[in-house]
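Have a look at these structures, which come just after this line.
Both of the next two complexes hold subunit A, though its partner changes from subunit B to subunit C.
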Partner chain A sequence: MNKTLNQKAWFFVLPVVALVAFNAVIPLMTVVNFSVQETFGDNVFFWAGVRWFEEVLRSERFHAALLRQLLYTGIILAIEIPLGLAIALAMPRRGPWVSVCLVFMALPLLIPWNVVGSMWNILALPDIGLLGRSLNAIGLEYNYTRQPFAAWFTMVLMDVWHWTSLVVLLCYAGLRSIPDAFYQAAKVDGARAWAVFRYIQLPKLRYVLTIAILLRLMDSFMIYTEVIVLTGGGPGNATTFLSIDLQKIALGQFDLGPAGAMSIIYFLIILFLSWMFYTLMMRNEDRS
Partner chain B sequence: MKRPGWLIPTAYIVFLMLPIYWLLNMSFKSTNEILGSFTLWPREFTFDNYVEILTNPVWYSGYLNSLSYVVINTVLSVVVALPAAYAFSRYRFLGDKHLFFWLLTNRMAPPAVFALPFLQLYSAVGLFDTHIGVALAHTLFNVPLAVWILEGFMSGVPKELDETAYVDGYSFPRFFTRIFLPTIAAGIGVAAFFCFMFSWVELLLAKTLTSVEAKPIVATMTRTASASGYELGLLAAAGMLTIIPGAFVIYFVRNYIAKGFALGRV
Partner chain C sequence: MEGMGLLSWMAWTWQTAGFFVFVFVCLCAMSAWECFGPGGAPRRGVLGLDTTRGDRLFISLLGSAFIFLAWLGFMGTPLWGGLAIAILYAAAVFRWV
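Presenting the complex of A and B:
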């Protein structure tokens, strides 16, 4: 759409800018303040320069948390994207079952995150949980509060349960936007299912898949509540991701300097991902 | 289709329902049964857990608190987002693209980064432990979300609509409220739904910013879980009750959910 130049439009966005500035700029400046100062309590601060940044960037604890975060994000993307795509392709295109599928599939997305954690906690308990009990019954030793691998397995399964539907819904919406004529043309040409997928469906899905991948990428970088409720970051530090580590430092130990520096670094990572998201999305929009 | 196409979606839905069934199962059991035996369905069927939650003010006030700030947040977010989204969809102005991107970064901002500064800021302005405080804090990610979703929907409305209305002698406020808003009613519904949803599921900020007066149900749950040992039945019943509002509203927006997650751009 060709838009007209109108500087008065600023008045329309002013309320939003004021509200978000109050919420985003002031706290962000607080974090910046923490990150360059040293304090011994009583609101007395000393200039510390970039010391905290150096400390955080060098600390093995941060490296470990970042590495765990990247590994976790990698695993869930590798599972959720293909799985979501496969389910969307197998879903009925019309008829009464469509609504049923959509409502049931969207349900996990609306459950409060700590309830998701509690739910999986209850499900995975080795003695009285359905999952834990079943795994132990078939001879696998499974206790997510003690074995790091079991904790990771449960976390990944929980995330797949929680968020695959997002990928399904997006892909399904993309598939529905393909006109029937495309399929009829393919039928006339005698195209096989694979060819239909490769040359008709996949190109149409590129846009929604971009959104799905980037949303999952960014949101999994912020995961906090589910992990806290399910494993509390343990056993040991096995599931201590970035945001959990940050909370341990900030609210747990009140080490404001390092917490501030880590917040800034963390935020810059997210900012970079958002920028990628924005650029890709806008490029797609211009093309379509 | 020759191959059984319904198999994959069915299997997936069963997988989705299993943990929810297990929670439902637990919520109807007595504590004795939960801890004493492993049963696939409740043998001593009891409503005690639900009765406890619906009669004990500690529990049900949690629900009321959550609903209050969620509703305040939804109304506030959509109302301030409407004019902004209109401006972004119709006009070019100085810094519009940067502003639009800056809004998005706040949707992506990790609450963990903001928890402590928020606590200080809201304590300083006297909004700690109030419904409005939590509602305002949640606008951090909901206002950008609402702006993006609404902008997506508004861009789908041809500009000729605006121009025709002006030719017909409508003033801007009258055009906006009488013609434009009804046209994008679906978009407003979806934006409101997403604000409702993300405010409802969020825990970290809601928990950090409250202590007694505005304590949300999700915080009551986590504190009960750690304080009174293992009252799993109660926790399960509380969890089941938090699913109900979501399950209820989801039916109305089922066809638009994907569009909302794509921020109005599918």
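Presenting the complex of A and C:
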């Protein structure tokens, strides 16, 4: 049977294309333009070539921020994905508790990012915060405003609290979509819980986990509000991630050229990591 | 490029405009190629990835960007060496990936 080639459906995509052009492509083009020029304001620009890229690529400040960013993203992915999956597996599949669990899980996601930062700021304060004071009371010296490790610990804890729910909800939706027939077949075969997880649930969750990893990867790379409210990038530069450093260069110092170059490098790294994760996980999917 | 009214805030230069025109021409060429040879020529290349022509263009452009960045970071300017490697890389991607 010959397929009829009908390209009219592309016209339905045009509104989205226009929207993306205005909110993504045009700003990105502007950033590219800024990245090769120098400005002292008043919309007057001077050609600088690739000087800003060279400067950013050889800057120790950028290397340190990138390293911190990669470490942070690695830590939160290593915690949130398994934890989210475990919670989703532990949640009830039917009954009145399903709604209760879902509402509780959705709550952290509904809280604005700056409020999350403020909440954890107050919670972790060493003298009056519940967390900070409790940790000090049991003999742990904890002060996230002075100790880099304590600042990282608080940041990671805050992120896990805020975003694990997203992984839970995605995994739970994925688990609910597995037909009962798979579980019945496993039961007939006498499969244990681990075998059901390894050979039924995990393969069926692959797409959902891909989405969860990609979302958390991109979001963690873009983390800004919570950090600026909680630590402001400190103590010192201990929690100055790429976004914080970029904000300092672009808005603090108003160096639009270096900020443009850094934005493009930042964008390329996110694009590459997202593509790599997506490709690897889709390749495994095809093989399985 | 002053005097372009609405577009002046974007701080266009002919070099950056040329770059975007190049990307746009690539996309148009790929669309034309798709019209003459529909299906995207899917295949499994040396990396074990299933790719279409569009995927190969994406891999070429993204990889080229990193080649230029690496060249700039390690060797500095001029970028002719990076350009030569990027062209070879893109040709290799379209041939074998």
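Definition applied: the second predicted complex is superposed on the first by the 257 of 288 C-alpha atoms of A that agree within 3 Å, B and C clash if a C-alpha of one lies under 4 Å from a C-alpha of the other, contacts with A are read in each partner's own complex, and residues count from 1 in each chain.
Quick note on the criterion: a contact is a pair of C-beta atoms (placed from the backbone, for glycine too) under 8 Å apart; a residue touches a chain by one contact, two chains touch by 3 or more.
Bear in mind the structure is a predicted one, so any value in this text is a computation, not a measurement.
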{"item": "Which of subunit B and subunit C A:T39 touches, first, second, both or neither", "value": "second"}
{"item": "First, second, both or neither for A:I26, with subunit B first and subunit C second", "value": "both"}
{"item": "Subunit B versus subunit C as contact partner of A:V115, first or second or both or neither", "value": "first"}
{"item": "Touching partner for A:L166 - first (subunit B), second (subunit C), both, neither", "value": "first"}
{"item": "Contacts of A:V17 with subunit B and subunit C, given as first, second, both or neither", "value": "first"}
{"item": "Which superposed partner A:L268 touches (first subunit B, second subunit C, both, neither)", "value": "second"}
{"item": "Which of subunit B and subunit C A:I211 touches, first, second, both or neither", "value": "first"}
{"item": "First (subunit B), second (subunit C), both or neither touched by A:A86", "value": "first"}
{"item": "Partner touching more residues of subunit A, whether subunit B or subunit C", "value": "B"}
{"item": "Subunit A residues contacted in one complex by subunit B, in the other by subunit C", "value": "5, 26, 30, 271, 275"}
{"item": "Subunit C-facing residues of subunit A, complex", "value": "5, 26, 29-30, 32-34, 36-37, 39, 43, 45, 47, 49-50, 53-54, 57-58, 265, 268, 271-272, 275, 279, 283, 286"}
{"item": "Parts of subunit C lying in touch with subunit A, wherever the complex brings them together", "value": "8-13, 15-16, 19-20, 38, 48-50, 58, 62, 65-66, 69, 72-73, 76-77, 79"}
{"item": "Touching residues (chain side subunit B, partner subunit A) in the complex", "value": "5-9, 12-13, 15-20, 22-23, 26, 34-35, 38, 40, 80-81, 83-84, 86-94, 96, 99, 101, 103-106, 108-118, 120-121, 136-137, 139-140, 143-144, 147, 155, 159, 197, 200-204, 208, 217-218, 221-222, 225, 232, 235-236, 239, 242-243, 245-247, 249-251, 254-255, 257-259, 261-263, 265-266"}
{"item": "Partner subunit B, residues of subunit A touching it in the complex", "value": "1, 3-10, 12-13, 15-17, 19-20, 22-24, 26-28, 30-31, 86-87, 90-92, 97, 99, 101-115, 118-120, 122-123, 127-130, 133, 161, 164-166, 168-170, 172-174, 177, 207-208, 211, 215, 218, 221-222, 224-225, 229, 242-244, 246-247, 250-251, 256, 259, 263, 266-267, 270-271, 273-275, 277-278, 281, 285"}
